[in-house]
Structures are given as C-alpha cells and as structure tokens.
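Next, two complexes with chain A in common: one pairs it with chain B, the other with chain C.
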Partner chain A sequence: MTARHAPLGGRFISLPVVIMALFAMVAGFYLYHRFVYGLGSVTNLSDGYPWGIWIAIDLVVGTALGCAGYVMALMVYILNKGEYHPLVRPAILASLFGYGLGGIAVMIDLGRYWQGYNMMLPWLTNVNSVMLETALCIAAYITVLMIEFSPVFLERLGMTRVREKLNRFLFIIIALGVLLPTMHQSSMGTILVVLGHQLSPLWQTPLLPLFFLISALFMGFAIVIFEAVMSSVGFRRPLEGEVLGKLTGIMAWVMLGYLVLRFLDVVYRGSFGLAFDGSTQAIMFWLENLTAVIAVALVLPKANRFKPHLMFVCACMILVSGTIYRVNCYLVGYDPGDGFLYFPTVGEIMVTLGIFSLEILLYIAFVKNLPILHTPQSAYEEEHPHPAEASGSATGSAGTARPA
Partner chain B sequence: MVGAATRPDPRPAESPDEFGDLDGYVGALGGLTRRDFLKFCTGIAATLGLSPAFGVTIANAATSPRRPPVIWISAQECTGCTESLLRAYHPTIESLILDHISLDYHEVLCAGAGHQAEEFKHRSMEENWGQYVMVVDGSIPTRDGGIYCKIAGETVLDIARHTAEGAAAVIAIGSCAAWGGIPASDPNPTDARPASDIITDKPVVNIPGCPPNPYNFLATVLHFLTFNELPGLDEKNRPRFAYGRLIHENCERRPHFDAGRFAREFGDPGHRQGWCLYQLGCKGPETYANCPAIGFNDVGESAWPVGIGAPCFGCTEQGIGFTKSLHSLSSVQSLTPPTAFPRIVETSDTGITPAAAALAAGIGGAAIGAGAVLASRLAKHAPAEGEGPGNEGRREDR
Partner chain C sequence: MAINRRAFLKGMAADGAAGAAAVVTIGATGEAVAGGGFQRTPFEMPADAVGLLYDSTLCIGCRACQAACKEANGMAAEVPTPYQDWNEGLWDSPTDLSGDTLTVIQVYQDGNMAVKDRAEDGYAFMKRQCMHCTDASCVSVCPVTAMTKDPVTGVVIHHEDRCIGCRYCVLSCPFGVPRYQYDDPFGAITKCQLCTNVPDQEYSACAMVCPTGATLYGRVDDLKAEARLRLAKDPGAEHAYPRGRIGGDNEPNVAPIPVYQDDFYGDNILGGTQCLTLAGVPYDRLGLPLEAPDFSYATLTEGIQHTLYRYMILPAVVLGGLVTLAWRNSRRHKPEDWD
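Right after this comes the complex of A and B.
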C-alpha cells in the first residue's frame, strides 16, 4: 500500500467546532485574568503546590499524548515497519500540537514568564536543575517536530525543490525526533525522584524514569489508535483496521510488561500495603492500574484486537490509565506537608479544557486543508489530482517524511 | 518619651556648652580629677547616644549640691542587679550613688539596719513626697495577699504600692522586676508579677537583664537628672538607646551566621573557633539589648555571654529568657519581613469548590458518555474497509 496523503477538504464550521471554539474563548477570558491579575487570581496554586493541572495535565499528560509522533517514528523509521507509514503524518501533527500547547502551558504557568528565555542562555543555565534537561529537550523537540512536519507544508505549497533539499538531512531530524522524547519523557519521572518522601511510596521509585518512558510509549500507541478511530468516525473515512489491530496488540503487550514491572516494584519496595488503606491515594492507585488491567484483558484474545469498538475502548482506557498515572505522580501522590491542599479552580479547568479544545480545533483545520490523512488510491484522488502531483513531481506524494 | 515625671529639684536651665562651677568638678564622684570627671560624663553622653557636648551638662547635674533621693525596693530578687551595679568601675558605682544621688534606702547598701533604716525611709519619703525616684528590684508576689515576701512585717506588695504613690519616676531594674523573671516562671508558686503589673498609674521604666548592664541603668538615671525627663522608651518601656537593636545585629559572630558557619555542640571544632551559636539555642536573633556593643565588667569588648562561647539566653526579652527552652532555636527577627511585604508562605488554596468539582465531574462524565456512545456505534456498524460511506458527502462539500 503506497502512502498517499490528501487534504480532506469540506466545510470547517460545524457544531463541535463551534463548541470547541467557545471553550477556547472561555479559556482566553481566564488567561486574560491570569496575565493581568497574576496566577493567584485564577489558580489554586500555593507554595505547597506550585504546579497544578496546567503542568500535570497540559504539559505532562499533553506531551504523553504528543508521543504519537515518537512511537510512529520509532516503529516506521527505527524498527523499519513500513506498513505503519500511513499513520505517521497525523501522528506527527498530534505531537506538534501536544508539545506546542504543552510548551505554551508552561509559559502560562511560569510566574515570571518573561524571563523564560533565560534557560536558553548558557551563562544563565542552572546545570544542577533536573528541569533544565526537560525544558531544553522539549523546546528542541518542538523545533524538530516542526521540521519533521514541514514536508506537509512544502507539499501543499508545491515547493518541491526545498523539499528535496530537506530530504537530504531529514534523517538526522527524524533520529533526533526519536532521541529527544526518550530523554525528556524519562526526565519527567526523574524530576519526581528528586521530590523524595514528598511523593507517596506508591509512586516514588528509582524506576520512575523508566515508567514515564514506557507510559509515553503506550499512551503514544493509544493516541494513534484513538485518533485514527475518531477521524474515521468523524470524517466518515475508512478505518485502517488491519494496521491498527496490530498496533493494539503491540500496545497491549507493552502495557502488560509495564503492569508487571509496576506491581513488582511496589511489592518489592514493601509499599503495597498503602494500596489498601482506603485513602484517596489508594483509590487513585487502583483506578490507575485496574483500568490498565481491564484494557489489556480486553484485547489479549487476538480476535478482539481487530474489532473496532474493542480496539477503541482499549485505547481509551489506556489513555485514561496513563493520564491518571501521570496526574497521580504529579498531584495526587504528592504531599508537600504543612497541610497544603490542591484542587483546580474552575478557571484552571477551563483553561485546560480550552487548550485541548484548541488542539482538536487546529487538528481539524489542518487535516481539512493539508495533505495529512492517508487516502488509498481512490476514484477521488484520480478525479482531483493534487497540485503537487499535477506539477509533475514524483516525490510530491510518495512518503511523507520518509528519507529517500 | 515619658515626660510627665519631673525631677525633685529643677535646676535653672543650662545650655549644654555652658560650664558650671569648674572647681565644683574637682573631687566629684569619689575624688576624680576635673579632667577624669569630664571624661566620664562625656562617656556617659556617648552611651546615651548624645553629642559629647552633653557631657558638660551631665557633669553639672552630677555636681548639683542637692541630690535627688532614691528609694530602692527589693522584692523577690537575688541581689544580682545590685552586685552588677557595684561592679561598674569608671568610676565605681557606689561613689556615683552615694555622692551623686541620695540613696536614702537600699536594703543591701544601707548604713543603718532594722528599725533605724525603716525609720529613715519613712522620713525621707514624707519629706520628698512626689519627688523621689523609686527603683524596684525583683518580682512582687501577689498570691495569698502577697505574704511570701515581707519586710518589717509589711508585704512587698503593699510597700511597692505605697512607695509608688509618692514617686516622681519608677524604674524596674532586672528581668524579675521587668517581666517577672525566675520567680514568675512556671509554675509561679507565688504568682509573682512584674512591677508594671502592680504600679499601673505611673510609667515604669524597665531595665531588663539578668543582671542588666550597669551602664544602662546609670545612663537612664543620669538622663533623668540632666533633662528632667526619661529617655525614649520602646513599646515595652525599655530605654531605646540600650534596647533598640537586636543582639544579632551587633554580634561579633554575625559574619559566621551569614556565612552559615555554626557550632553544632559545645566544644566541637566550630565552637572552639568562635563560630555562630545559633544552633546551640542562642537567642540573640530575637533579643533586644546592647550587650555586644558595650560588654560587661569593663574588661574588653568580648566580655559578654556570646563573646565567651555561651549562647545568649534572652534575659532582656519578655517571653524568651526563663520562658523559652535554653537550647531551642530562636526565631530570627531580622529576617522576618514586615507585614506589608507579600507573604513568603502563600496558602491561598481554598480547596475543592462545588463549581470546580461539578465541572470536573461533568467533563469526566461527558468524556465517558461520548466514549461509550462511540464504542457502541462502532460495535453496531463498523466502518467498512476501503471505501467509506462518507465519500459522497465529502465530494459535495468540496
């Protein structure tokens, strides 16, 4: 199957789009307050909880959802599984939004955001900070993602010559695109290792970097499946059932391996008793892991993996499990002492909702106007030759970011 | 500034630079030469934080032929304050008190004894009613009518009340008289009270310390004699010139504090090298006194507790000395920002609000609902492989 990509076309305005635009506008209202009156006027942040959901969800979960591009690049370019190639472009787009908006969330959350660029200045960097690695790495990866995604634009604009030049060194960018998330996704776990006893033993472990890396992997797989099913339903397109089924299998095995490690680790460290003390942390621990167990159990029978609804439910539950894991690590399992409490305000929730709405909104806008979604050679393609192809370019549609 | 109190014998106003009877200076204060005496008075002026020119004024006051009478009441005390005063050496305090003020009654220093001393006190008080200076030394017991401290068959409680009625000024010397001190420490069996609790209709100047530095007392008395009024007092009625600054501010070990070099236990290398005693429980950072600036016993700058390696125990501070545990850490006042500053510990969190909870639950519910609907639709009619059903519509859109 040759990968062909075409813009979906069609009207942009629809009811879901309007609703999501409204969410984004409400978020804009709260962001206005945040920038005029300060963080305290909108958020429940305190000295005990300097990070709220803008970090725990927008950034930490958001970038995990943005690992779609990471896992697809890993599969296609590193493991050389060409069959998954149709899923690469939408995955990289999802990554671009996941990371880009995660980066914006950090700037919103920074008390003195106007000094944020200081970390880029070598004479001002704090090399003893675990956050430095994460921050620089994420910033670099957003740049890499943009370059990885640029062939789409170049294709749309018919800039064939530039694309050919880009193709010569694109393999370096793609290698970086696999290296960087490996680094910073594990660093997000390392940040928590530094917190020591402030993080409940149910989550605090030297294996945190590994767990964050694996969770980035299975959440990356899950978001690829989720997004493929959603665009198939939403845009009434055929589902790449065969490929997605295989991907579901890989995801389930990764998840299973993770779960075994996770429970072994908790038991080995002698902290398993905490899971039965009836506290909020214990409840969240079981919520996190039982969703994962059920998700894996659902698709372990091979036949189930190719049933779209089970595939979808499994991906959703793994997304939920991964999200709860990361929120647990960053907020629920974290107790700074001194009686500090945290629950997000309406404003914080609305900003998070608005950012995710904006992400979906942009995704719809992009796939409708840019050659992102894969389309099999169809009557549609033949009747409407792509501008790039019409100009006679051979590389125009053959392979997205695939190095020649 | 407490200005209500007046001196018994108001002398004609003199400008600070006008010398009095120069011959009168000779032999004053226990036989000093004129030069030494003026040097002493200038030193006192410096202690008070005044211009050296005021030394002349002080000299004139000190050689005044009529000396103000002083009635010294000793309550529950250890005589440490008196002992401390007796060890002021330039010149000796006894020469100052005997020659400069008229110490009409002091149980330790009285020449007479028994009925004779009591008789003299009563006579002096009657003669100088409303004009003498009253000094209280020690805390005053109040339980059971104050029977736990009696002199000549009378409780100190009654003596203090009666003496205060005719006093021009009241000075409470020592921590016991100022805050209650040791006798008032828990469980305080005699219900000992500071002088200011008993004498409420007159300002009581507190010279706390265990014992107080004699020069703080001396300077306060001389200020009263010279200017007819008491020196500036802080909110705890302590003279500001002596108790205006934290010990921490003038401590010679302060650089060690700032550099983070602390003695961890007595006799460890840090302690032997003279490092900061904060971690041994030094109360300097929360105690107001001039100990590091003037020292004790006239033997040099380092002759004060911290200077010899003993952590300050906060004797001059109410609620610190005799109250706070010796080795507990002090709360560093100089690092505490004014209340006008934004708070360091910001606990603005209001916890979970109904609106936020409802919103979070709503989003969660909507997501689960939408997922379930989508999954059931997928289960009923899965999109066919290859050509999707929506292609026609999409073409029309385009």
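Right after this comes the complex of A and C.
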C-alpha cells in the first residue's frame, strides 16, 4: 500500500467556494481602509477595549481551532495510538491555516506593524513579557507546522530522497510540535493574569494558563471530529467512525475534568455568587459552561459516541463552549471601567469572516490537489467495509455520517 | 498522588500566589510545590524617585495644567463631537485622556453638587495622568521594552521607535493611562512622562503652572511627607501649600486644611505609585481602584512565567521526554507512517 493519502480531485469552484471568496474580498475592502485611515476607521476599538475580536476570535480562538495538529501529534506520535494516524494530515493542514491566519490577524491588528520585527531583536527582548514568549512561540510553531506538512509536497513532487532524509529527524520536529503549543496556549491564559481586578473573578484566576491549555486540548479534539464529519459529508467520503467515536470519548473526559476544575476554582475563590447576579457576564458564564455540560452528558453513554450525528453535535457544542470561554476571558469578562463599551463593527466582523473563509477555501484547495485525506483502504476499512462501498456505490456516500 | 492533590487544593484556596505555583508545577511536571515562592518580589521605588502630589481639595478646575501639558508636549487640541457645533478648535476641551491628551481634569458630580469635596450632593475634581507605578504593569508586559522605568527618577518612559502598537500596555494598566491614536494610520502610544521628554523643561509643566499648588512636583519621599503633614493637621488649621515644586522659589498658597480621606492614595496600593492623590471624597469615586492588592499584578504574571521558564529548564526537560517518546514510537512504525 503506497498511496494511502490521495488528492481528492474534482472541481474547485462551487457555490460555497464562491460565497467564501466573496467574503474574503469584502474583508480586503475593509483592510484597505484599516491601513489607509487607521484602526479607528474600521473598528470599535478604544482605549478601554484596545483588543477586539481580531485578537479574541481570529487569534485566540483561531489558534485553539488550530490545535487539531497538536492533539493528533500528541495522540499518534507521543501516546503511540497508531489507529488515529489517518486523521493526522488533515489535522496538520487545519493547524497550519489556523495558526498562519491567526498570525496574519495579529499583523493587521498591530498599531505599528512596520516595527513588528522588533520582537525578533535580541537587544529589545523583555523576558518578563508573556506576550513576547507567546508570539515567538507561535512563530516557531508555524515553522514547525510547515516542516510537518512538507512531506505532502515532497510526496506530490516525487522527491522521495528528501523525504527519507526528513523522516530521519522528523521525531524532533514532532516533539517540538507538541511542546510549543503546550507553551503558547497556556501563555495565552497567563497574558490575562496581569489584568487583575479588571477581569471578572468568574475568569480571573492564577489557573488561567492551565485552563487555556486544557481548552486547547478539548477544542483540538473537537475540531478534528468536526472536520472529519464535515469532510465526509461535504466530499461524500466514508467516515472513520470507530476511530472518531473513541476520540469523542477522550474529548468528553478531558472536558469533564476541565469542568470539575473550573467550578472548583470559581467556588474556592469565593466568586461563584457572581454567576447569579443576572449580569451579561453571568449569562455568558452559564452559556459557556452549560454548553459544555450538555455536550459531555450527550456522549457519556458509550454507544452515543459512535453515532455520527451525536459525536458531531457534541464536537460542535464543545467548540462553541471553548470559543465562548476564550471570548469571555478576552472581552466579556473584561471591564476597564470609565463606561467603556465594545461591540465589533460590521467591518471587524467582515474581516474575521473573511479570514475564516480564506482558511476554509485554502483547506478545500489543498485537499483537492494534494495527498492529504486518507483513502478508505486502511486496515480498519479493509476489515469493516463501508456500507456504501459494500453496496457497490462508486462515489461512496455520506450515509451514516450525515449530522442531525 | 494524595500529596499532590492536597497541595493542589490548598494552593488554590490560598488565593493567588501559592495556587499558581502548585498547580502550574503539577500541570507541567506532575510534582507539587506546596506553599508560595512563585510570586516575583515586588520592585522598590528608587531612592530619588520623582512624582506629583495632586490635592483634589485645592484644585479649582482651571485646567491650566492641561493647556501647559499640551503646549510642552506639542500635542493637538481636541474637540469632542458634542462641542463641535460651536467650538471650532480654538478651545481644547478633552473629556478624557486620549492619544492627544496626556493629562485631563475630570469632575466627580453627585446630586445637586452643592458643596465641593463632598461625596453626597457634592463635587470634586480629579487630575488624570500616568501614575508612574513603582512596579508598572506596562513595563512588565511590553514585548519590545518600549516602556522602561528610569533607574534614577523612576519615571515610566515610552520609546515610540521600539513600539509595535500591540496595545498590551493599554489593556493592562490598572489606571487606564496609556492611549493609542486609533484615527492615525501610523498611530502611536502616548502617555505622560513627567515632561522628561521635553527639552529644557525643568520639571513637569502641569505642576509648574498650577496656581493653587493642587499639582505639586517633587521627590516622592518629600511628597509623601507633605501629604502626611496635611493629613496630620486639624481641619480648619492654616497650611502653607507649596506651589510648583517642593523646595522651589514659588510663594506658598496659604489656606485652611480641609476634611481629607484617612490616607493619601498611592502609598502601597498596586505596589505603590509615584504620583499621589489627596482628596475629600472616597478615592474610588474619582476613578482610582480601591479593591486592589498591595502588590502589582505584574508580580503574578512574571511569577508564573519565570516559574515555568526559568533558564528554560522545564521546557528542555519536557522536550527531552517528548523527543524520547517520539523516537521510540517511530521505531515501531513503518517509515511511511511518519509524516
């Protein structure tokens, strides 16, 4: 079995692709304004809310969604769970785009981007700055992701000699690919500790780094499942159901552990009362955590984990919960006083939508032209033929994979 | 394991310091470090630190300080939108600190505003500018050392040529001081630097022009002594308020002592500030946080950061473990699995 990963082929242009391309173009229009007339002309940013959704969503949530590669590398190469191997390549690709575009979002948001390279100058290093650690770590990780992804190009270009050489030291790159997200994902929590009382005690805790690390893990699992189901439905391919079911179980346990810690922390710090004061913050706190509780409850019965529509709903809810958690930490829970308010402008939202659209566009373009998605003839598939193939359908079918 | 869990819970209950140390260490290595020791030692104020003492009860709201500040720093006049119908820009009338305003006089108002410096049915003035924290968050968080603290005077200085405009200083400042120019495609961060940035300026322009001595410049030790002197006197007793700078040539403003709050603001809170405030109304009414610890929040983030990354030992150990596992597992697989 040589070609276990294969390009999907097929036409690139479709209605969703056109719509997403339009979103990306609208984002381009707003970006023109941002660079010509300044941040204030496009955003609702203020000195009370100097960071808006371009940081909270594009970067902080975007890189969490980019943790697919992190968790899969952890599972397959560190914990030696070879059965998840088919999920690795698409996961690395999703990470590459998640992190790459997160990095671009930062450059858009930087008020003095033309001096951005100062972060790389050793004589300007501030070892106390959590942001410097985070930024350098993310930059390093994007490089690691590119190397991790390079076998796909080498395979496509038939450069087997280079690939063999790369394979010899790939284990070091993979180890770095697990270490670096552990570092910067937790640091994105540490960044907020300095806000002190400006961040509501529902979120402000010295455990922020730990919570951000765990949320990166469960969001990483969730995006792997989400993307596998979506690929299966969208590209009409069979679903790696057994493997994804097991993954759903692991994700649910991680989420449950996190929830226990999260509530213990809020209660121990004596801040639980704030969750009942009827404020927007309290509502968002419950929205964040109840979504997670329901997601876990949904797949607690073992049989449910292997039902594609339930695993999909569970993954979606965990993505929503993790997203709300991160947005709560960076925006909703933050109160600078002085009557400052923030809600993103249409321009900010369009840029964010454009960036995510571009991400999906590139993903589709890559999987159609490069050997990324796993062909159905894995050992597992040979033992358990997919119903669609068994019935002789040439194209395969979404069959069991259609979400509710 | 039992020990770990106990240390872990104990740490969490200890609110802050011990919590992060114990938990963070467990998270990373599986070993518990009970007790504190992770919080970075708070910085001491330099012996010759300088600052301002703002006495809200002396302030008459004339805004001479604002005008002098604009002139000294060469900054543009500001006319908020509601005033633009009748104010064509001759009258600089900022309502808040901004990218063009480094100091501003604001007013606290309550009820019918009958009496000055009274919390209920009264009003009071407040001067906003950089507080020049002893242990400043902005200095701690800046990724490119664009915020530095002068080792002698303790003045927090901003270096525009280094700044990348990430606005983490804006986000982290507990007093909401650093500001960014959002309407300029090449905007900068601005904040008061006590006029150390102004050539040939002997001391802060705002203090230099204050007619009543409400804004007073001096060594922080002297300012604190002056504040304590005022607090020690009985209300109604006569006091010679220095004007301009402590030890300067200006004739003092002789006036009776008002009813002050119990203490001046800025001695210890958030690690202490070099700009101090005295007022007749509670400080939180003037926008100064009272529900805050006696240390800078930067001691917590830096503590977490340096516990995890001290000499990069922990990341190196973790990387070593990961490399070993990845290498061992790689030998169990066929080469084509490795991509």
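Everything that follows uses one rule, which is that the second predicted complex is superposed on the first by the 374 of 404 C-alpha atoms of A that agree within 3 Å, B and C clash if a C-alpha of one lies under 4 Å from a C-alpha of the other, contacts with A are read in each partner's own complex, and residues count from 1 in each chain.
Assume contacts are C-beta pairs under 8 Å (C-beta built on N, C-alpha and C of every residue); 3 or more make two chains touch, one makes a residue touch a chain.
Predicted model only: the values in this text are computed from it and were never measured.
After superposition on chain A, the partners chain B and chain C are seen to clash. By the touch criterion stated above, A:Val233 is placed in contact with chain B alone, chain C being left untouched.
In the superposed model, A:Val346 makes contact with chain B only, not with chain C. Of the two partner chains placed by superposition, A:Gly28 touches none, neither chain B nor chain C. In the superposition on chain A, contact of A:Cys316 is made with chain B only, not with chain C. In the superposition on chain A, contact of A:Ala175 is made with chain C only, not with chain B. When the shared chain is aligned, no partner comes close enough to touch A:Pro301: not chain B, not chain C.
By the document's definition of touching, of the two partners only chain C reaches A:Leu210; chain B does not. Contacts of A:Ser129 after superposition on the shared chain: chain C is touched, whereas chain B is not. Of the two partner chains, neither chain B nor chain C is touched by A:Pro16. Touching more residues of chain A than its counterpart among chain B and chain C is C. In the superposition on chain A, the residues of chain A touched by chain B in one structure and by chain C in the other are 40, 45-48, 338. The part of chain A that touches chain C in the complex is made up of residues 2, 4, 35-41, 43, 45-48, 50-51, 77-78, 80, 82, 85, 88-89, 109-113, 115-116, 118-119, 121, 124-126, 128-133, 135, 148, 151-152, 155, 163-164, 167, 170-172, 174-176, 178-179, 182-183, 186-187, 190-191, 193-198, 205-207, 209-210, 213, 264-265, 268-269, 334, 336-338. Of all residues in chain B, only 344-353, 355-357, 359-360, 363, 371, 374-379, 382-391, 393-395, 397-398 touch chain A in the complex they form. The residues of chain A lying in touch with chain B in their complex are 8-11, 40, 44-49, 229-230, 232-233, 235-239, 241-242, 307-309, 312-313, 316, 338, 340-346, 348-350, 353, 376, 378, 380, 384.
By the touch criterion stated above, chain C contacts chain A in their complex at residues 9, 12-13, 15-17, 19-20, 23-24, 27, 96-98, 137, 140-145, 161-168, 170-172, 174, 176, 178-189, 270, 287, 289, 291-293, 297-298, 300-302, 304-306, 308-309, 315, 318-319, 322-323, 325-327, 329-330, 332-333, 335-339.
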